[in-house]
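The structure under discussion appears below in the form of structure tokens.
Each chain gets a letter, A, B, C and D, in the order it is written, and its residues are counted from 1.
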Amino acid sequence: MSEALVETSQMAKEEASEPILILRGITKRFQGITALRQVDFDVRAGEVHVLFGENGAGKSTLINIIAGTFQPDEGAYRFDGLHLSHLTPHRARGAGICAVFQEFSLAPNLTVVENLFLGREIRRGGILDLATMRRRASDLIEELGFDLELDRQVGMLSRAHQQMVEIAKALLGEPRILILDEPTASLTEREAGRLFELVAALKARGVGIIYVSHRMREIRALADRITVLRDGQLVRTLEAAGVQDADLVELMTGRKIDGLFPTFDHKPGRVAIEVQGLSAARGAVCDVDFVAHAGEITGIAGLVGCGKSELVRAIYGLEQIEHGEIRLHDVAQNTLSPRHSLRRGVVYFPANRATEGLALARVVRENASMSSLDVREIARLGLLDTRNERSLVQQAVDRLKLRPPNLERPAGRLSGGNRQKVMLARGLMRDLSVFLFDEPTVGIDVGAKREVYDFMGRLLQAGAAVVVVSSELPEVLALSNRLYVMHHGRIVTQLEGSEKTEQNVLASFFRSEANAATGAAS
Amino acid sequence: MTDREASMSAPSPAALAGRIHVSPVQLILPAGVVILFTGFALADHRVMSSANLINILQQTSFLFLFAMAQTIVIIGRGFDLSLGPTASMVSVGSALAMAVLGTGHAGEPVIVLAGLAAGAVLGALVGVFNGSVVGFLRVTPFVVTLGSFNIATGIATTLSGGHPVQGMPELFFQLLSTGTMLGLPAPVVIAIAVGLVIHFVLRRTVFGRGLYLIGTNARAAEVAGVPIRLILMSAYILSSVLTALGAMILTARTGSGEPSIGGTLSLQSAAAAIVGGASFSGGSGSAGTALLGSLFIIVLSNGMNLVQISGYVQMIVLGVIVVAGVLLDRLRAQRS
Amino acid sequence: GDAKWYPFKMNDASADTVKVVDYSPVEKAEKRHKICVLFPHMKDSFWVAVAYGITEQSKALGVNMNLYEAGGYDNLPKQLSQFDDCVASGADAIVIGVISTVGVAKQVLAAKAKSIPVIAVTNSFISRDLTAGVFVDLKSMASASANALLASVKAGEAANVVTFPGPAGSGWAETMNKDFETVVANNPNVKTLSSKFGDTGVAVQLQLVQDALQAYPSMNYIWGTAPTAEAAIGALAEAGRSDVKIISTYENQAMLDALKRGDITAFTTQYPVIEGRVAIDQAVRILDKKPFIRLVQPIAGVIDKTTMGKMDMSTVLAPASWSPVYSVKQ
Amino acid sequence: MTVEEADMRSSSRGDLRALSRWISAIGILPVLLTVLILGMCIIDPRFSGVANVTNILRNASVLAIVAFGQALVLIAGGFDLSVGAIVALASEIAAVTMRWAGTAFPEQDALIIALGVGAALGTGILVGLVNGICVAVLRISGFIATLGSMSVTLGIALIITNGIPVYGLPQSFITQFGRARWFEFPSAAYVAIAILLVLAFVQRRTVLGRYLYAIGGNSEAAIVSGISTRRYQIAAYVISGLLAAVTGLLLTALVGSGQASFGGDLMMLQSIAAAVIGGVSLHGGVGRFGMVALSAIFLSILSNALNLLRVDSRIQPIFIGVILICAVALDEIRRRRTVHD
């Protein structure tokens, strides 16, 4: 860790007894919505304070206020014993409040190093000191154990890698308060593990940490205190020790949800997708054989960048295929494009809702019917039947419990979970038999997750083939009937039944890692 | 949109709030048009005369057609720089077609039909060219249309030899310029009809829906199976055919095919579209905003002519008022 | 406007046979007529000169005048709108320097139907519906400048001309270029190497002249617009080509200065100030129902070193101190 | 993974990748440019003559300087339609000031020129400042703001002189600067190269450059990262205005008079064309000044070549249009190939 971090930690220890950050009566309104109402919140030095709540509960809003991005409409803010008003992101960062934002603060056209130091460049005599910045960046990346190339353009990285850049960017400052807003949303266990070690180290040095996550396991592992928000209001702040998951979920949603993952009744039927010797996406997928049956959930797991997304994207027609064969319902496909795939009953739900999933400025109705514009119920001879469209979309979103169920609201004004539901509604708008989910629950809350799982369950009952790609291992393990594990673009194992355990998955990574190492050595 | 831009990190809520368009149609601009008009009418009673009202309507109808053509492309996150030269080329081309046929024994209706067809085809050709290079080769619309800007200019001047082309039948003028319907001049009637059609096309067809989706997020539209190439292609063709129609009405108004008629139309049409409320970031704009923008600009310049504001002062006033109008509009949009 | 400019020798081209007349204006208008004036633009001293004539004569005759300019030759739709605005604003007569020779024909017809007289000024406009006009015959301008060129070609000298007529698609540039070529074709020693069309801005013309100097090393005559001549002076000086002669097809302040310095050989003039004056006089005569000549043509003049001293320059250009007036109220 | 390992890995895949990356970094434009130059040298010896090269360099420099400003604004996610009008106004202001100073301080050429240059640059900065404030503070779209200021600026330029050229510049301004050649190269080329060097330095080694790219790439991210985006956006417009004024001065000195005809749509369109062909994205965040300079040279050579080849000037636009589209389309195809290397 850099010297500066050590210094701050010593300062922090002296006043560890008292909270370094205190918010009182914070209220924030957006055009007609009250996102936060009279919220009190504080952070002590050397603690991990988890913010917990449903999508749209106001967690990110609170964080944006702490980081100076939003101005609160009411309320007071004390940091380090000082009253702060009119905080700007610039001043907040100067004061040592560093944040990993949920919607990244990265410039896609700049490189990794350039982004790490954005707004905090090291200068000598007014001129950028490129060498020093480079050295410090590579030190930090190495310490974090992230697999990042310093000179890559950030826009070209996968979401997971962008997440790593965002994390590194926050740590590069000399944080006294570190805010992590769903930092692991697209990370796998391995990267997340490194992050947790780091959080522990910072905590030991007296940094106050605010942590937001929808993953119960992480909350259990990290939290010292937990603040639960619901509909912009503070429900309770409680000590983490001895709190049960079920209690938290109940506090958050106001109702009981039994069990995180439902149990599915898989009835594998006909082969829906059959992939043979597929190489695609410029080497990201290498000689893959893959089968998905109707009536079962097929899972694909793997580390970041292993090509699991690319495999399903290739099936849907979004990646270039070098060789190999894809058969849908026993018919070999030669032209693959989203349009063709939809006509053949295959739908894909992309991982990145903002860039590939939704047209955020358009209303819910248009987003939900986007992939069904060639269906006769909605459009005939190129003319839209808006009444029919509206009723079909209404049915679909009602089944998914969209909140608010207003079809004429721009999708961009919905919370993360509800955006996911809008996208999923597409699956109910036309006759489909194969559903490809890529990270279906990234960033959505426990309740919404449950609804997505139930959605999959209904599809399963209707006899559809469901493929789930996820970097959240417990999720794919619990949902899938059969699980493929990928590594470096290849399928390394296929697990079924009782073999389907976390140990086996992790072991298969290491086995192939070891194989690769010996292979390279010989 | 290139892959690189598509993979831009997700916008923050604040960015979204800015991007979500509170349709300015309902806001200050219509009021601006009314206030301007009343102001001018108070300053000079002739502004309200029926002759001048017809005059305003007629001038607006031309600009409206071009502004709609531009708006369609802008909705799909494009830009048509070649609109002006296309108008010139169509003007010369359709006039030439009619002049050449006119020397033979063809009847007037046949000649006019041939002229209209020639104009529409020329326009559609430009549209096919722009649309295919933008849609299939994914070259930035600005560069594509800068290229066709030059090409159309060259064709227009070469075809005409630099001289206005005359010799169109009377029926052509009646149909597109001098005729009246319900007391309204033909161009106004045509503009209203076309405006309604375009409104319908944008709101109620798969093409229109797809265009808005592409303009908002082309990548998402593609992933959701929207045929983006086809739609972009159609958008450019529709836009150029509208331009051709406007150009032919202008041709009827001038009585000659003019190689320089397009002049500053590219920029003017874009100004009308944007002032009305379309945005270069795509996905917003409509027939209504095109109408509003055209009306605003025409009322402003007509009023300034009638109250006798002199030449270059008009330019200054125009610049200031356009910026002020848009500014007020944004302020209102922010506050509500 | 102190000096008495009339009687001025001009052509009466109303009938088939052109005859020379001594043009004199009326003393005073009978009423304070409202005259609307439309210009393509007011961006060079040529149109400022016409405006000067119009303003001075309006004052002299005691009529109201309002002038609108369309901002350039590529703004035909704007001029049409301005025409309509003039009619709507209740003008008694319209004086127009047309952007396109036939582009405003429809408007003129409409004005005729409302019995508003339309007088074409400076830019040629032949139409039955036109009430009156004062403009030079482009042919005579072209041949005057062609003859000026022929006159400066020494016996036995081979003259290689590159022409820079003006913007492609403008009509007038093409017309003058053709007439020029017909006239110089009479002398076998004179060859036209090429015609370079381009906008009449100095920067654009400069580039054309520079490229032509490279492309046609044998070029020793430049025939072109006033901005061409202006650009060519510098380009030639820089290239060290003192052997190339320049002839300008029309007049402006720069041409006058250049001629004084000996940088150009000659320029032709159509007496823009007089055109403006005559146009207003015609309008007043028509409104007062007095006899008028339907089509008046200035006799194109060639101004070179020898004629410069003898000429009253206030018939050619506005005084340097004068700045345009967009409206005259009586 | 340690740093050394990372180095080893990248160098082992090294050579091939380096080559393809080099080509992809450089793009299709230099290739086309080389082909064009070599072709012209073979076809027509006059092309490489001193006078012709001087002309090309001068035209290219003038275009490049406005295009640099335009590129800067585009990179920051804006749009500057007013550059042409600024060129015109700056030219006239310079000429009017020098004419006035010539009568006030006769014979003191250095002072006269300094006053004229100062006035012109001040004009450019002022218009740029107004543009910047409209865009950054009042949040009006760049297109509308600069469309408005274009109209106003051109209106003022025309009112000042009615478009009549302004003469009376000191001869030394014309002969020792505008038309001067220093070591065989036209003065404008030195000005353009100096500006290019400064801008390249600004882009690589100063926060201004880095922030403009960040703002153009994702302005929200820039704000959240603590950058005061307003200040830098305004700076971009001011620099663009300043560079347009420099262009105005160069043209004034070259032609020997202040002219309103320098401005207008042509200059504006060409500056955007040069920037975009040079790889600057209209959506912001992307672009290199060196490439913009190359593209300005490319455009200048193209029109020079068509003239030398004696192509009918009415057909020339067709050639230019087709070549433009081909150049950019080829580049687009190449870029798509290499994006996912």
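Keep this in mind: a contact is a pair of C-beta atoms (placed from the backbone, for glycine too) under 8 Å apart; a residue touches a chain by one contact, two chains touch by 3 or more.
Chain by chain, the UniProt names read as follows: A = Sugar ABC transporter ATP-binding protein; B, D = ABC transporter permease.
Bear in mind the structure is a predicted one, so any value in this text is a computation, not a measurement.
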item: Taking each chain's C-alpha mean as its centre, the one farthest from subunit A; value: C
item: Contact-richer chain pair (by C-beta pairs counted) among A-D and B-D; value: B-D
item: CA centroid of subunit A to CA centroid of subunit B (ABC transporter permease), Å; value: 43
item: Euclidean distance of C-alpha centroids - subunit B (ABC transporter permease) vs subunit D (ABC transporter permease), Å; value: 30
item: Length of the line joining the C-alpha centres of subunit A and subunit C, rounded to whole Å; value: 72
item: Residues of subunit A whose C-beta touches two or more other chains; value: 69, 101, 104-106, 108-109, 155-156
item: Per-residue overlap in subunit D (ABC transporter permease), given as positions that touch at least 2 other chains; value: 158, 217-218, 220-221, 223-224, 286, 314, 339-340
item: Residues within subunit B (ABC transporter permease) bordering two or more other chains; value: 4-5, 8-9, 11-12, 14, 157, 162, 264, 311-312, 315
item: Complete list of chain pairs which touch one another; value: A-B, A-D, B-C, B-D, C-D
item: Subunit C-touching residues of subunit B (ABC transporter permease), taken from the complex the two chains share; value: 44, 46, 49, 51-52, 55, 58-59, 62, 88, 156-157, 160-164, 166, 173, 177-178, 250, 252-256, 258-265, 298, 301-302, 305-306, 308, 310-312, 315
item: Subunit D (ABC transporter permease) residues touching subunit A - in the complex, by the definition given at the top; value: 1-3, 6, 10, 204-207, 210, 213-214, 216-218, 220-228, 285-286, 339-341
item: Subunit A residues within the subunit D (ABC transporter permease) interface of the complex; value: 67, 69, 88-94, 101, 104-110, 114, 118-121, 123, 126-128, 130, 138, 142, 147, 149, 155-156, 281-282
item: Residue ranges of subunit D (ABC transporter permease) in contact with subunit C within the complex; value: 46-47, 49, 51-52, 55, 59, 158, 162-165, 167, 174, 179, 251, 254-257, 259-262, 264, 266, 303-304, 307-310, 313-314
item: Residue ranges of subunit D (ABC transporter permease) touching subunit B (ABC transporter permease) (in the complex, touch as defined); value: 79, 81, 134, 138-141, 143-145, 147-156, 158-159, 217-221, 223-224, 265, 269, 272-273, 276-277, 281-283, 286, 312, 314-322, 324-325, 328-329, 332-333, 335-336, 339-340
